[in-house]
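First the structure, then my questions, so here it is.
For reference, chains read A, B, C and D in written order, and residue numbers begin at 1 within each chain.
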Amino acid sequence: MPLPYTVRLAVQSLFKEPWVNLLSILTIGVGLFIISLAFLIVYNFDMATRKLPDKFSLNVYLDHNLSQERVRNIVGAFREKDAVYSVRHIPKQDALEELKNMLKDSPFVFEGLDDNPLPDSLEIKLKEKALGLETVRALANEALNIQGVNEVDYGEKFLSTIHNLKRGLHSFGAILIVILSAGIIFVCYSTVKILFYRKMDEIETYKLLGATKGFIRSPFLIEGFLIGATGGILSLLGVNAFYYLSVLKLSLSIPLFSSIIFPAQFFLWLPVIGMFLGISGAGVALGRMKY
Amino acid sequence: MIQFEDVTKDYDNQTALRNINFFIDKGEMVFFTGPSGSGKTTLLRLIYMAEKPDRGRISIAGWEADSVKESSIPFLRRHIGIVFQDFRLLTHRTIFDNVAIALRIRGMREREIKPKVYDALKTVYLRHKSDSYPLKLSGGEQQRVVIARAIVADPTVILADEPTGNLDPDTAYGIMKAFKTINAKGTTVVIATHNRELFRDTVRRVLHLDTGNLVSEDLG
Amino acid sequence: MPLPYTVRLAVQSLFKEPWVNLLSILTIGVGLFIISLAFLIVYNFDMATRKLPDKFSLNVYLDHNLSQERVRNIVGAFREKDAVYSVRHIPKQDALEELKNMLKDSPFVFEGLDDNPLPDSLEIKLKEKALGLETVRALANEALNIQGVNEVDYGEKFLSTIHNLKRGLHSFGAILIVILSAGIIFVCYSTVKILFYRKMDEIETYKLLGATKGFIRSPFLIEGFLIGATGGILSLLGVNAFYYLSVLKLSLSIPLFSSIIFPAQFFLWLPVIGMFLGISGAGVALGRMKY
Amino acid sequence: MIQFEDVTKDYDNQTALRNINFFIDKGEMVFFTGPSGSGKTTLLRLIYMAEKPDRGRISIAGWEADSVKESSIPFLRRHIGIVFQDFRLLTHRTIFDNVAIALRIRGMREREIKPKVYDALKTVYLRHKSDSYPLKLSGGEQQRVVIARAIVADPTVILADEPTGNLDPDTAYGIMKAFKTINAKGTTVVIATHNRELFRDTVRRVLHLDTGNLVSEDLG
């Protein structure tokens, strides 16, 4: 199989059929671009919730007037638990300061206050992997059984919302990626089919003149490869344009955008993915073609 | 070289060839003739294995029609130069490329291709049209390009289907002379035609077909 | 121009070229579907922020020990302002109740409290159209100049974030819609071009036999129309499937989804839009074709 | 009916016709002959205005080539039945549809189309192939479909380009008889061919072309 000539045939054909090919390349480019955006959203959401342990804490309020000793024991008991990352003891004086700070717009609240009415408390941070709704709920119940613990407080609603959103986004992203990948393979598939049918006559002539299957097929595979790769490069350019426009420019007026993380190393795979999908489409189309 | 034994070929609703028997030896020049629709093209298609016979045995230079593998048919065809009745030119390629494709398919290098293509075009008086495109040629010129493509690779057998249908008597005579020269060098030549002028004064065999039957054979 | 025969030609051609047509229909369907989703998001965000006036309020804290008379005057002054929708006077007793309610998890805060340390306050709701960042800021400054007003409190950060998000989403949506509409027109355009080039030979024969331009063109326009309309119907089905799946099903586990508003009457226009885009594409392609 | 005055037609790099003058009257039967590439097809293309002359005046049934509007050419062509040298059959339509298209283009109703198409197919001995497709026919059968399409709409002029190139002598004789019958009814018939048998024993005019020049005229 004289490869150079078949490559020439493939490249010539790309330029002789500009409309089918442009159509396919753009469709693939847009498809991969949307996949990338979906991935970007899911990825950023994941990254954002990965920082959650820093922000999330379980607040354990202790009984009034416990001994130093007892407090130290309770702190120790929590430190031993698997899910616990850190335990901070907040003496009631600090808690009062904090409350005063929070209500500093209305200092009059504390005007008549002589005594510190607040209890000691513990701020417990959890390890990342333990940050599921069930684990936290179980831990809270355990904590309540420890003697000297008066009350446990944690953002149950917040946690379950995040949890559900994450699940929803993950399935949404997965569905989108599967559908669009199938779509891209279909685009390559039907492009090759279109080109193939259009060249049916030419191919029949090649065959009658003694061309092998390889000679006939390789231009189509090369074309699928080129179309897919070009589409992939296009989507890479698109993603980068999107990044510079929205993340860098828009973040000036909308600070939210500045916290978007852009995993460039993943997106560099786009041309390879496009190429792979392109060859797959062509391969499937050729495989199902009788000639 | 080419052997048909009791060959029958049916299409959807009609028999195109019925119990055909003949043998063509290496180096012969044979004409098939017969009215429109008598089965000449079908017979040639059986030879280059674009069709399979429904019954009977076909043997072409040692390849058997009923046992040949799909993947080896291309290699059989590389021994055959075909002048198609419907031309089968590649409309988006130049005359040069149309002739060269027969060599490129065989994997020949570009350097060797050029002189061979120009030689073949000279034989059909079309050297000056090599950069033109098929649709810019007259009907007879197109037919001659097909003939050039059939002879360019020095095949063992030439199958020509109505090769002079679009040619005036003088040009047809020139083409026939070229076929005879090639035949004289040992190439088997099989021509399907109803132009009796072509074989009127030639040493050859003529086989007559009529509605699928081989009705007579005429040596002279 | 014998219309029935050209219609027959167009329909036949649709089925004779399944791959180009399927490709175009799916691309258009997906394009319109994504436009619809973008529209849905922008629309819902707008609807959500339209309810904002109900939730957003300007809190004006008055000086201690103002006379009933003076308070009534101040309330009247606010009521006269253009931007103001309603003014509610919250006596300091009510405010204390509210605070106690808010801090009911830590009732000990109020243990030592005899006197009510809180001032009277006014809760001002704004009209929808006045809910811009600048208007609110101006109003707050005006309010501070009124005698008897001690402090004004409003969610500046919240308001500006919403404002920016709204702006960002609107431009994002508009860009997406413009790009994808152009894309759909391009798809129809190149489909017709592909079909046209493939039929070049047939068309030339028609012409040589004496066919008029109308006879030759109308099948292509009809085909563009059918492709566009079918794509539109497809996207309508897609939007409905999306609605039933995500809004109705997902909302069971993720309550957020249940508040999505689905403006069905808009989406019914999808087939018409597709049709229009399809004919446009075909028209543009035919206009630029020489024959 | 058909008048050429000093007509010259150039292609990119060659002159296809040079200073051609002739007049064909209504009801005549005229043959153009000449070697391959002499300009016969080009001459016919000028008549049905698929080409414009570079110099000279062409007048067809009152339409002038240099003043005719693009949009009225279809109506000129509806007076002409053409047998194309390269057939121009619609490969994805049945033989019936291939012939019927000539009537459908004229806006005729389906009810009237049917008998006319079957009549035309009968004239070329192909009534039994009406549901077949062009690529399932032999070369000569295809050529006869083209002839049927050219005569089906009862045109004022018939232009036939090498109409018997793929036909055996007997079938060719039948087709020529049909042309003569049509001609006898008043239709002008113009045939380009190099098959001298076609006009050997016919009352007709023969115009000889050679490399673009009208070299002789022969009446008999």
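Points worth noting:
Here is the rule we use: contacts are C-beta pairs under 8 Å (C-beta built on N, C-alpha and C of every residue); 3 or more make two chains touch, one makes a residue touch a chain.
All values derive from a computational prediction rather than experimental measurement.
Taking each chain's centre as the mean of its C-alpha atoms, chain B lies 69 Å from chain C. Centres computed as Cα averages put chain A at a distance of 24 Å from chain C. Mean C-alpha positions place chain B and chain D at a centre distance of 29 Å.
Chain C and chain D have centres, each the mean of its CA atoms, that are 64 Å apart. For chain C, no residue reaches two or more other chains under the stated contact definition.
In chain B, no residue touches at least two other chains.
If you draw each protein chain as a dot and join the dots that touch, you get one closed loop, with every dot joined to exactly two others. Under the contact rule defined at the top, the touching pairs of chains are A-B, A-C, B-D, C-D. Partner chain B is touched in their complex by these residues of chain A: 1-2, 5, 16, 201-202, 204-213, 215. Chain contact summary for the complex, chain D toward chain B: residues 11-12, 33-37, 40-41, 85-86, 136-141, 144, 161-162, 165-171, 194, 196.
Chain D contributes residues 48, 50, 71, 74-78, 80, 82, 84, 88, 90, 92, 101-102, 104-107, 149 to its touches with chain C in the complex.
Those residues of chain C that touch chain A in the shared complex are 19-20, 22-23, 26-27, 30, 34, 99, 105-106, 108-115, 117-119, 151, 153, 161, 164-165, 167-168, 172, 183, 186-187, 190-191, 193-194, 197-198, 246, 250, 253-257.
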